[in-house]
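Each chain carries a letter (A, B, C and D) given by its place in the written order, and its residues are counted from 1.
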């Protein structure tokens, strides 16, 4: 059923589809309604395949099912559902049309709908993650690594409470993004690998399958093995919801780091700061009325998407509860899980695009560093004074900074004219700070590189995982 | 740009579009990306129209703009946006193509993008509410009124904590739904009527318009009057976000009542209760493996949709904050507001469909009422005993119920054999309760009708409001 | 039961109690567990009082109850609850101890626990709002008005996307805070005035009271009238939850405005901006290691409190659902409502304290205004050029700004050397802007004052409301 | 500072303190404001201890600090904070009072406040988890295991959509709770073990410590090793927030399982079902007006607490963002983390108490099983028919169930009179089902035991972990 995309209601399927056609098409392979039905059919194929192997279903049944799998369309299944009012029964009815009468009765036999629904949901989300989302995360991680390396020694004033604190390096800041995002990527992968399937029937106790198979737990394991999945240790009608919840927690918390990065950079692009920011394109317009504007609108966009999608995790926590062996109140809501994954991925893509041409203004970085006339050296001054045994060092230095501020002097002159600092002033450390105040960056440079190397190794492992990953349906 | 709906990611644009084609098309007129652009153009027309009236724009400009408004397509605007990277500038550029060169410079003149974006958002959401959502609410209210009237005397055991309490009537329960939902509908209408527009420029201070108009606040009022809107008392670049927040609060809290109704009925459809429930259609399938199942899946669906959409109100509270005169982090998220309205409306539609054929099983209602052997008469027994001046009445009656329970007797026989109750047993009230224990329903019947009449009047007023409502664009 | 406050778990009862002893004690009168029990007893008194008037309860019963009301302690009630496992039955049992045996049976007669719990909750929250929270809001509104007036002409660069836009005045910005917060205050008051009580028994149908009173609805109205409350149009065991939900929505959305204000100012206190900010006290320490730091920690605190308490509104939406005539899953959660009100009030107090000594740095305001060499005049330049009929005005001006930026010139010189601007350059408007670029503030000053006058009137009305408000228990 | 607990605002510190004195006191050791200060001091001791070992601080300094640690009180620190307006500087000033002047300057030297705050937060929460929360979880797990074992063969009708599905056993249902809760417990432990500390200074780059120590990263590791903690791979001023977020995710998702259990059981206690439920105590009152009521109020309480605390996880996701090297907007909110842990623990305790006397009504279980006249055998009937090669088996059986329903017959008689079932009727499987319809429980019994054994092993490991856990301060 064709429709103009601009008639869609969800911004994901209209505006954000349009601005990400390629990526959205990639995701759609796994996350659209079309994929829902394809993957459900895939589970039905896997069932027949094991039944044939067991000698329960007739020989050749699997071949017929694979052909049926290719033939069915969502249109057909939806048309059938209008009669059955039941989506999986509709699917089974449609599949039956494409196989011989001897094979037909075995389709779905002993399964409950959720065996198919839940298992296929795990499967297609895992495929989406390994084929689209994780590679996109890796691309971002590599960008971050590149920036860490390139800017490991680029000094920047550190900011706490929005106030100048003491210096770091740009590379060190990005090492932080790298380590945090990398950590989330690992959480995502763990959660994806932990997604489970089920083939345990209507209440999870293998009632129906016990009638047909000697070892119904083994039948479950065998069917799921066809799909490279494992059964949950326990299931009611549904797989324990915590597996999917953990994945969405991992995705949403990774999204939070994208929001942090975006927030940081859009503030660093403030007119008064101008250290980092978006590049401005030739024909780009910043404001429809203020022709001079250059806005960090892409970073703002990512923050905004996070604001929209982060709260949706509440639904996942609500969906932990399904009365007794299951109520259906997690069904409609469960379908929307794909929106969170989609929004995360296109936001990531947005950042990646910006990072390809991220503007780092080294002049402004330098200018801002000196903006307080090196007042930040109050910290080393206090440390050096205290390490000489001065108990009131903090108070003394605070007074010195107030004096400098009041008299408009720099800290050096105040310090040199105050004999309480005489022991400090003579140290090599203070001398170095005086001559190179930008050198007060501690281990920023070294730690940035250490973190970089750590993630170089980690990403190699993750790339391997991705390369070795196989989609089940590709085999057919 | 045509696309198979099954390729869409959002369930709203695929599965739930398919099951609500007519209603979704109605909503799409106001809530799709297409409508975004149409309504933005509408605001541009309104601006020109006032400028022409003021003698600022050339005579005939408005006519040209109305033609341009009809010609533009989202495709064109999106294509232009790829160059400008700015949606409203793109819109203006495209509109300029369809008008004379003397008119072109006045398009959007003195406005900031958000004057158009924010105003058009208020407008199209108001239209959607008055044209689709509120009438749908009214339809539901009328269903509720019909049920209240019909079942005002149908006795049902009241339940608190899931335990039998004392009796009410089905009509009284629905009077509660009616009063609560009706109250929310009024909140919705108040909030819709309170949506505001703006035409106050980039930072809300009428800087640009002050250059052209003697009374820029009047210009704002006049432009908005063309659209039947009023300006906010204050705006920065954006309209105060609380107007839209109040609307979404009203919608989400109305949604909560749909969830309550759904929850109540799906529990009343439990196998052991069977008082109310969904009708089962001829070809309908309850379970793919359990042919005997009759599930309350529509009520479960509504609850599930509420679980998905209710938490999204958090985004609206987050969007209250927009730094200084505005940051853009409410832009993408602001676009998703339409999803909440859509989900609420299709859930309402789902309930309406079920209520057309709501199953009320009078036999089970009666059977359940007597299930505890009238133990619920413990309440009137305690009241009557206490009103005779017995301080320990509550304790005495509790002991009687425990005795009845233990000995498997009904309460009457326990009471009659215990002389502490002799004063009570002889009252007319107790005699009536003994002969007609189902009569212990207090004012359930009368209050149900009183509430019904209250809402009959209210809905007449609301219907008038809807009938008198005019869509601006229909006039053109 | 005495306990060291530092042993408490909730920061509200330890750290934030300590930093707001007076205010917290004021709130505690209405919002503590102590107040829970006192107000519940108050409702019991009101019941007896009407019963005595009706001639149902013995003459003098009310007097006895008022004495009992003063005597009971939470300790006693809690001790009794250990036996009954039911809080209201415990309360009734304790009250019975302090009255004559003839009066005792009438205590609570015909009421269900929730008649007392729900009614008293409305009552004590209304008292808290009128006695503490609304006056505190008014104090804040008056501060805002004072700043609006004082700074109505103080020019400040407007900021959108964190970028310099065009100028406004500080007073105008605060007029925005005033209008938004004032609007929320009115919402709060409406919601408070709309809180309801009930006296309709176990399932809301007046079953028990029908046995005793001819007109049980009137009995409900009369009891509630004693407490200056009105009954809900409908109640099940509980009052419709939407009344309280609306109040918490109003409070949380008012809290959002405090967060916006705090965010704005803490950013304006950034080292590079320094326009507004906190005053620094004599002995104050900014950082334990960086003696030079002056942090906007109070504004950060308010934002942080909002982050903690805003999401809790989700619980209120969840609490809309109470199965059938009531389940108890809104009971514990309902008790925590008071925390949101408390957190809002102490955050407001924090802002009030800061606003008493708010630092406004007029020099930095001026310096920042000129920071871009008046690049913001690109807007009026574009407006003036377009109003001369130049279709490509926006593009031409954008090019001019890029040229100015690239060549490090100011906009004036670029404009003067480009003949496309010759018509504009000769206008009085451009001449004025050139000589007084800070004058480009549109209606900022006038609108600030208009909004101020609007709220002067509104606050007079609100003050009257507060002055005329009576607490029921004060009468006794 | 002593205060009547009933004056507290938070229900946690009043009502729920009172009902859990012992447990709350245990938690208070780690989660109160008192503990905040004690643990912060503990970190200061650890720093000095390493400095003394390094020869930086004077010999004997650690001994002095341990004494100081014991002497300081929250009162003192709070009094000092009124001057400094800075909590950690206040702590340091107070500690300095209790040590010699030679030691004083080394206290806190090179640390930023957050080194102490963040590290101590990890520490005290880890202690709380290992000392109180995890053991409480284990207690619950053991209860669940006991019930699984005892009820592994107790047949119960399975319920999906609130409708009778097919049978399971009570033990199998509890095996599901066990597996899900056990899984969460492991997540909790992983997250606790992953909590990190830091000693990297104001912006995380070891600026200050680089002045004093040759290898400041090693200094960090050594100080944290004193506390059995590890540093984060990266820190800004704060530890990466994801470690704490993961813990709260684990706790909140474990809480969700408590809510599921509570929901299940309170529904099973419904008057019409009566299978599982709370025991009623001798003097207990169910309702203040309905003496016959026996309510599942404890299970309702747990659900209600979950509704209150689950949404607060949103704050944790919000707290992922801290601008640049840190803003303070995670400070107040971060303090409230302890409330979630507390609420989870007392809710768990509530369940444990109920489970000690959980009522399982075997008669009602049996009665309900037969309630539909074994209609649930429609499933095996369909399976057996289909496995004979009947393509339309599902439809045929559905018709049979409708016929049985309509004619009020049981399924056996309908089946026997319909020759399409003749092949099925003769099977051993059908004969067994007819003679023992309660035997249709699949692997419920076996899987219950398998899951039980799995968790017996797991809990042994967890118990070991707990037994080997050492609190740092206990050593002193």
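Quick note on the criterion: a residue touches a chain if its C-beta (ideal position, glycine included) is under 8 Å from a C-beta of that chain, and two chains touch if they have at least 3 such contacts.
All values reported here derive from a predicted model rather than from experimental measurement.
Peer 1: Please give the intersection of the contact partners of chain C with those of chain D.
Peer 2: Intersection of chain C and chain D contact lists gives A, B.
Peer 1: Quick check: more C-beta contact pairs at A-C or at A-D?
Peer 2: A-D
Peer 1: Just give me the whole-number Å value for how far the CA centre of chain A lies from that of chain C.
Peer 2: 35
Peer 1: Using CA atom averages as chain centres, what separation in Å is found between chain A and chain B?
Peer 2: 33
Peer 1: Starting from the mean Cα coordinates of chain A and chain D, work out the distance between those two points in Å.
Peer 2: Those two chain centres are 25 Å apart.
Peer 1: Could you tell me which residues belong to chain C and also touch two or more other chains?
Peer 2: Residues 89, 110, 159-162, 165-166, 201-202, 208, 266-267, 285-290, 295, 297, 300, 311, 313-314, 327-328, 379, 383, 394.
Peer 1: Inside the complex, what are the residues of chain C that reach chain B?
Peer 2: So the residues of chain C in touch with chain B come to 56, 89, 96, 101-102, 104-106, 109-110, 158-162, 165-169, 172-173, 175-176, 179-180, 183-184, 187, 201-212, 216-217, 232-237, 240, 242, 245-246, 249, 252-253, 256-257, 259-260, 263-264, 267-268, 310-311, 313-314, 317, 320-328, 379-380, 383-384, 386-391, 393-394, 429, 440-444, 447, 451, 454.
Peer 1: Considering the complex alone, what residue numbers of chain D touch chain C?
Peer 2: 1-18, 24-25, 27-28, 31-34, 37, 74-75, 78, 83-86, 88-89, 92, 108, 110-113, 116, 201-202, 208, 266, 281, 283-290, 295, 297, 300-301, 303-305, 307-308, 311-315, 318-319, 327-336, 338-339, 342
Peer 1: Would you tell me which residues of chain A are touching chain C in their complex?
Peer 2: 159-166, 266-267, 269-273, 285-297, 300, 314, 368, 371-372, 375-376, 378-379, 381-383, 394-395, 397-398, 400-401
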